[in-house]
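Chain IDs A, B, C, D and E follow the sequence of writing; residue 1 opens each chain.
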Amino acid sequence: MNNLVYLVPLFPLLGFLINGLFRKSLSKRTIGIIGSGTILLSFIVSLVLFFDVKANGGSVVTYFNFIDVVSFQIPFAFQVDQLSVIFLLIITGIGFLIHVYSTSYMYEESSDHLGRYFAYLNLFVFSMLLLVLGANYVIMFIGWEGVGLCSYLLIGFWFKNDNYNYAAKKAFIMNRIGDLGFLLAVFLLLNKLGTATYSEVFEKASTSLSTMDVTAITLLLFVGAMGKSAQIPLYTWLPDAMAGPTPVSALIHAATMVTAGIYMIARSNVLYSLSPFTQDVVAVVGLCTAILSATIALYQNDIKKVLAYSTVSQLGFMFLALGVGAYTTGVFHVMTHAFFKALMFLGAGSVIHAMNGQQDITKMGGLVKKLPVTTWTFVIGVLAISGFPFTSGFVSKDEILIAVYAHSPVLFWFAAFAAILTAVYMFRLMFLVFFGGFRGTHEQEHHLHESPSAITIPLIILAILSLVGGFVQLPKIFGGTDFFNQFLAPVVPAINHESAATTTAEYYLFGGTIVGLVIIFAATRKLFAVNQFEDSYKGIRKILADKWYIDELYDAVIVKPLNSFSGFLKSVIEKSGIDGLVNSVGRFVNYASRQLRLLQSGQVSSYILFMVLSITVLFLVFWNQEYIIQFLQKTF
Amino acid sequence: MPIQYYIILAACLFCIGVAGVLTRRNAIIVFMCIELMLNAVNLLLVAFSKMHYAAAVAKDAGTAAGTDAQLFVFFIMVVAAAEVSVGLAIIVMMYRNIHSVDINFLNRLKN
Amino acid sequence: MIALLLILIPLISGLVTFFTKSERDAKSWSLFASILVLMVAFAGVSGYFDSQLFFDTAWVPSLGARFSIGLDGMGKMLCLLNAIAFSVVFASAYQNHYKKPAEFYALMLLMQTGLMGVFLSTDALLFYFFWELALIPAYFLCSSWGGEKRIAVTFKFFIYTFIGSLLMLVGILYVYFKTPGHSFALESFYQAKLSISEENFAFWLFFIAFAIKMPIFPFHTWQPDAYEQAPTSVTMILSGVMVKMGLFAVIRWLFPVFPHAALNYSHVIIILCVTGMLYASFIAIRQDDIKRLIAYSSIAHIGLMCAAFFTSEQVGMQGVMIQMFNHGINVIGLWIVADLIENQLGTRKLSELGGLATKAPTLAILLVIMALANIALPLTNSFVGEFMMFNGLFNYNVWVAAVAGISIILAAVYTLNMIQKVLYGITSLATDDAGDITTGPKIMMIVLVIVVIVLGVYPQPMLQLTNDTVQTALNKFHL
Amino acid sequence: MSTSEILFWSLSVLALFGAIMVVISKNPVHSVLWLIVVFFAISGHYLLLNAQFLAIVNIIVYAGAIMVLFLFVIMLMNLNKETEPQKNVWMKISGVVSGGLLLCVFISSVISAFDINGKTALTGGGDIGLIQNLGKVLFNVYAVPFEISSVLFLSAMVGAVVIGKKD
Amino acid sequence: MNAIILSASLGVLMMFCSFLVKNKNTFRHIASVGLLVLLIANIADTYGYTMFSINTYGMLSFNRFGMLFNSIAIASTLIYVLLTGREIEKTGSYVAEYFTLIFFVLCGIALLSSYSNLLTLFLGIEIMSIPLYILTGSDKRNMKSNEAALKYFLMGAFSTGLMLMGIALTYGGTGTFNLEAAPRTFLYIYKGVASFLEILGLLFLLVSMAFKVSAAPFHFWTPDVYDGAPSVFTSFMATVVKAAGFIAFIKLCAVRMHETGGAVDWNMIFAILIVSTLLVGNITAVFQQSVKRMLAYSSIAQAGFMLLALISLNDIAYEGILLYSAAYSLATIGIFAVLVKMKDYTFEGYNGLSKTQPALAAANTIFLLSLSGIPLTAGFFAKYYMLAAVVKTGSYLWLVIVAVLFAAVSVYYYFRLIQSMYFKEGTPETEEITPSFKYGIIALAAVIIILGIFPSLITYWLYF
């Protein structure tokens, strides 16, 4: 069965080619069908693979030698195992839903652009699949950069708008910075172990890698993860990436691509377990990101921005989990987060659709009357993300918190704080968008309508998933078993936190969550669900609204200096410096020529004078040449 | 006579000729100074011929050493005569054109 | 036989072209010739004719110089590149109009002869001959068909390279008198008896020549001007093939002849190259002229190749090999686009362009693909090369590799800048009435794109092809 | 002090003085006359060295033919003191100085030529300078150069025609 | 011997033609036939068929090298006459005499290529120079021509004085004028090698020879004379005559300087001469406005390159000097042949020649490439041999590098001409170009290319 694996990426690739090449001649319907149909096909294949793997374990399928030089082989191979299968399902499943959603959401686009859109989307899925399927770091890197490219193309999809293009460029370049780290890590692996294939790397790692090396490798890999998964300091591109069409934000910047970092670390858990230091770094960075972005999210007024920052903060949570060694939990949160965050983005999309393009939540409100489905699905999403008991988010986030608690209580309290913030800004969003009175213009109010089924059905499916998605990993105390962990166990060892301490913690947490949520609910209701806004925030709020001025900081510290530096090189060093030197040689020759020809004065007597003088000089040289030669030998 | 005397005498004549070439502007005088240089050389050659003769005659009486130098002088005179004829012709031609023999007027060609 | 044909076909057809009357004849004849050469080159690469790759006959017996030419792996590859380049150039320039077409195409073919000769010759004096022979037509092409500042710029380029090659000539002589039995043959050059100090001295005589040709950092200033001023068809050859001459010469004539000196100075040179990479990339960021931008980016790439080769790491060297080919293909693709843009819109200023994606979608896509290949995105050809080269650099020294790695980011910066300013945004005055790419160039570009993708996915054949060259270099090195 | 020495010194002084006068006398005609004096002095030296043939030839060819030619030309152009162009003093000084320099270098190097120490030029005796002996050698050994020098004369003649003849 | 006697008698023949033959433009043909005969006779002589068996008592000694050079010189003169004969007729009213003088010059050259006695050297130099004084002044109404003639004459006479002083001193040192047979055993010898006076004399000789080959700092006459003389004769002076000077010089070095080499380091003097010559020639040529004057300076620069042969007196140097003479003479003759067709000698005068006279422009380009030593032209191998000769000696590598750097400078002014012919707009006025002239010049270009591919065509004859 595993030999079917090549089909999984193949279908999207075909979709990409067809849509890309013949997009002018195809009708919008067919484009949509091809676009989402291919994904559906590979989803089916993935399901088949899933059960196959469940039944009889994973395996590696090698196709051809990508690079094969003496002492240096990189096979082009796919690795089908529990971890990759999980991601296959997430990518293709959610990908399919979002494709379907897009068929309606992007319907206004001309068939040319629609074809382009689906081509990019398929290409993205293709490279994402390559990323998770690759059996060594090089193949992973291929996918890794591929998804970066697609996100670049999709963010800049509406390329007429230059701000979008800047956002796209920013995203790509920040990813590139991460990629450099990734690349260096791979080189280090190749240098130390002579191979980049997972199986070999992991078995050799413990024996033939010094702690120093492991730390270096893992840190460099983590740099890559920072770029891809938008962690401090490389997170600023993600909010800007919201320039892209909303389904893209849902698929790439919430559900799949940004979780590549988590996949990569989970994949190389062996290495990370070998280097505690890196783990701490990961945990701390993740936590900081979680808190920072959560605080920013509090005062954002753009619906997609809020979601974006919440994504960043959730990613922070996942890294926190990985950092404390709960890899499975991290992966689990990836899954659940994929459900509810995709849901919320799509919901937001539906809202924007209804408000035709309006994204400012201060101009919304009370949409519950006009958009029931969107509203209630969105509410489910909010509950899930803020960890309402028994929703998927509750399960995964609880598990993270407990794991953190088991690791170190200090981190736990910070994490809990972040979780609370999450609830706060999510409720704020919910209230401002769906409840209260409508604050938009009349045309908008008139225009409001529930979205077509192609949009609502995916919402509903995702809502269900976010509700029940947690049950595969329900804690024992609630009578569940950790299927998920068991499934992943062969690839990613789960830490067992079913100790007495943690079970009690579970109770506290369970209680705490309910109480906390109620309080927060009331509080936010009071605080935020108002109908008039001061046009600009003051004090701390302003700082939060302006995202702690991080972008401005980067601009001032990195971008501007680099620009001026290169300008300096171009105009000063190159022009006047090197090139000037070269040209001055020519100018000097000309000058010398002009001077030297004055020697030819035209006077016979002066000529003869020169001759006589040079004869005397020759004589002198001649009789003293011993001394001259000695002198020369001394000097040179 | 010690040969040095002759050498120095010839050298003096030669250098006076050079100095004349350098100091005078009249083409004819310049040319005459060159002739003076040639004569210095002639004198030197003859002196050398007698020197070598003296050295050789000590070994055998009937030697012809030194003859060649005197013949060389003869050839020098021949050449000098030829040169003079050409040179004076050129000078005259120039005089015809610019009515002067001042070599400082020769400055159309320069740089 | 193959080798001889590779030289003779362009030579003869070039001389014939001088006497063609009409523009059509000149064009079609030269295109035909170049395609013929391409076929022969393929035959050479195919490996069916490996028995006939060498040709050798007496030339100047009194000097011990022979007319001996031959193909090794690298030679095959570069001859193929050369052949492809010229066919593509002729084809894509088919509807351009040049004044004095006969001369133009004839000189082009003569230049191809020279380049072929450089890649083929296994005799030092012959090598020098062709080295110059490639330069002279380039000089005439650039200074009679180029831009407005062409004469001065081309002259600078010529003098600059000429000084280099003269120094190389001295070096050749120097080694020649050290060879057993005074011969110019490549083998006897490899066996030359040189003391370390002599090697160190002669090494620089050769290296300066090659450094100017490549060009390496402090010697590069002729290049942007020359590329900017030359007619684009010539620029394609200059940047696609001619700069490879430098690298080729380093690999064939410098490394194996002076292994110890190469080892001594590898640090200096690598430092130079890496400095050059960053320097050029930084300058490229601020370029407003497409041609200059591409020129600087190609300086950066060449720097990487040279550095990677001097690490004397097998992987790196192997990377250099295929990268020579790939860079040729990519840069030619970029030039074709630049040419189309300039011919159609009459400007190369990024600040005056924009919004082409709406006007010329196909062109846009092709340009994007080429640009991505230029920044070595995976599954494009140059990823493999750069990956291996950086790997070699890394094995040589971690920090050097890290610093050089910055150029990857910078490359992304300036390339995306270019794409954005050319394709995206709203149309400008210049691009308002732009049309899409026409069939001829489109086909060429598609061919190139296919090569780019295929070599990106399955580079193995190319690696096998050039394996032997690397081996010889290394064997010489580990003696 | 023997007669030959007295003769040598007096002739040398005469020659040098005449030479100097050639250079410094303003009037070209005087220069010519002084040059003739120098030639006579040198002929005297020849006689002293018993090179009679050369002495005679010197008188006939140089003092006779060549100098007359010079005089003739000068008369033809009737150059005299007034028409004599004056060089600026710096040119004069530099000329004299460099000539002097040459002389110094020359003499100093000749002085340091030890290999001719004690060599003397035979005055009086020695019959190689006699016409008969010279003639023998000239028409045997030096026949070829002698013939060749005729080419020289031919070319000089042709040249004189080409240049001098009015057209 | 054939060459000497025949050239002399042919000169006399031309002299008689001047009043026997009335039709002016038949002289050209007679002269070319005569040159052809001369060439054949000389080649016959080379292979032992000498018409006159004269005992020269060691005044002359004939060897393969000198003979081969004679052939080259005569052949180039033939080409020169064929290409530019018409212009010789236009110079003045004494056409036959000009040819006479050219033949006499050839006689002098033949002497210089075979002298073995300082007397014959002296006579050769004079026989070569005196006709040149006249040819320089042959354009009598032209002030520049007069001036050039007088300058040339005065300075030439001066250098003759120096040379004679040198000969006299060498004689004083050795007691013989014979080149080879200088006795090296003396009572008291400077550094156990040579007489002091001889060395002193050789220095004078060196200076005067340097003057003849116009090596700096004794080059001052060259630009003015070449510029002032009628262009046709400039091309003759600058090519064949100068090469002959080198042949004489190299022989002198090979014997006397070589023998006294132990006492003094002549190479050091030569190095000084070479560097200064290259410097003055190349650098000054850069700024010239008149092509003719530029060529004068370039001839100085080329002389600097040829001097390299004197430092390294090995087999390569001998082959090289012959090749160089041939390559340089042919190229320069070609360039002058084009030059004399131009109305305006400045660089601007050439602007756009490629449009009006493509064939001429192309040929001229090849000549210029050859002068600047680009491969595929004879000039490359000429330079190559010179450099190789020095490199072979193992020392003076710095000199080689200096030389190539200056060669790069030389490209600057040669290519200026190419630029104005091809890349500048303009309409140059030329005399009417006969097709025969066109074909002739193209043939010459072809010869240069062929020599550039197979230099052995010349060097081969040195051994077989």
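The rule is short, and it goes like this: contacts are C-beta pairs under 8 Å (C-beta built on N, C-alpha and C of every residue); 3 or more make two chains touch, one makes a residue touch a chain.
Since this is a predicted model, take the numbers as computed values, not measurements.
Student: Check every other chain and keep only those touching both chain A and chain B; list them.
Tutor: D, E
Student: Report the chain closest to the protein's overall CA mean, measuring from each chain's own CA mean.
Tutor: C
Student: Select the chain at the greatest separation from chain D, using centres from the mean of Cα atoms.
Tutor: Checked the centroid distances; the maximum from chain D is A.
Student: Measuring between Cα centroids, which chain is at the maximum distance from chain E?
Tutor: Of all chains, A has its centre farthest from that of chain E.
Student: Which pairing of chains gives the most C-beta pairs in contact?
Tutor: Chains B-D share more contact pairs than any other pair.
Student: At what distance in angstrom does the C-alpha mean of chain D lie from that of chain C?
Tutor: Once rounded, the distance between the two centres reads 72 Å.
Student: In angstrom, rounded to a whole number, how far apart do the mean CA points of chain B and chain C lie?
Tutor: 67
Student: Express in whole angstrom the distance between the two chain centres, defined as the mean CA positions of chain B and chain E.
Tutor: 27
Student: With centres defined as the mean C-alpha position, give me the chain B-chain D separation in Å.
Tutor: Those two chain centres are 5 Å apart.
Student: Which chain B residues reach two or more other chains?
Tutor: Expected reply: 3, 7, 14, 17-18, 21-23, 25, 30, 48, 51, 55, 65-66, 68, 75, 79, 82-83, 86, 90-91, 93, 103-104, 106, 108-110.
Student: Please set out, as single numbers or ranges, the residues of chain A touching at least two other chains.
Tutor: Residues 586, 597, 600, 602, 604-605, 608-609, 612, 615, 619.
Student: What are the residue numbers in chain D that touch two or more other chains?
Tutor: Residues 87, 91, 94-95, 98-99, 102, 106, 109-110, 112, 116, 141-142, 145, 149, 152, 155-156, 159, 163 of chain D touch two or more partner chains.
Student: Which chains are in touch, pair by pair?
Tutor: In this structure, the chains touch in these pairs: A-B, A-C, A-D, A-E, B-D, B-E, C-E, D-E.
Student: Considering only the defined contacts, which chain E positions touch chain D in the complex?
Tutor: Of all residues in chain E, those touching chain D are 4, 8, 11-12, 15, 54, 56-57, 59-60, 92-94, 97-98, 100-101, 104, 107, 111, 119-120, 123, 126-127, 130-131, 133-134, 137-138, 140, 149, 172-173, 186-190, 195-197, 200.
Student: Can you name the residues of chain A that touch chain E in the complex?
Tutor: Touching chain E: residues 586, 589-590, 592-594, 596-597, 599-600, 602, 604, 607-608, 610-611, 614-615, 618-619, 621-622, 625, 628-629 of chain A.
Student: Provide the residue numbers of chain A that touch chain B in the complex, in ascending order.
Tutor: So the residues of chain A touching chain B come out as 597-598, 600-605, 608-609, 612.
Student: Flag every residue of chain D that touches chain E in the complex, lowest number first.
Tutor: 109-110, 112-117, 140-142, 144-145, 148-149, 151-152, 154-156, 158-159, 161-163, 167
Student: Could you please specify the touching residues of chain B with respect to chain A in the complex?
Tutor: On the chain B side, the touching residues are 18, 21-23, 25, 30, 103-104, 106-111.
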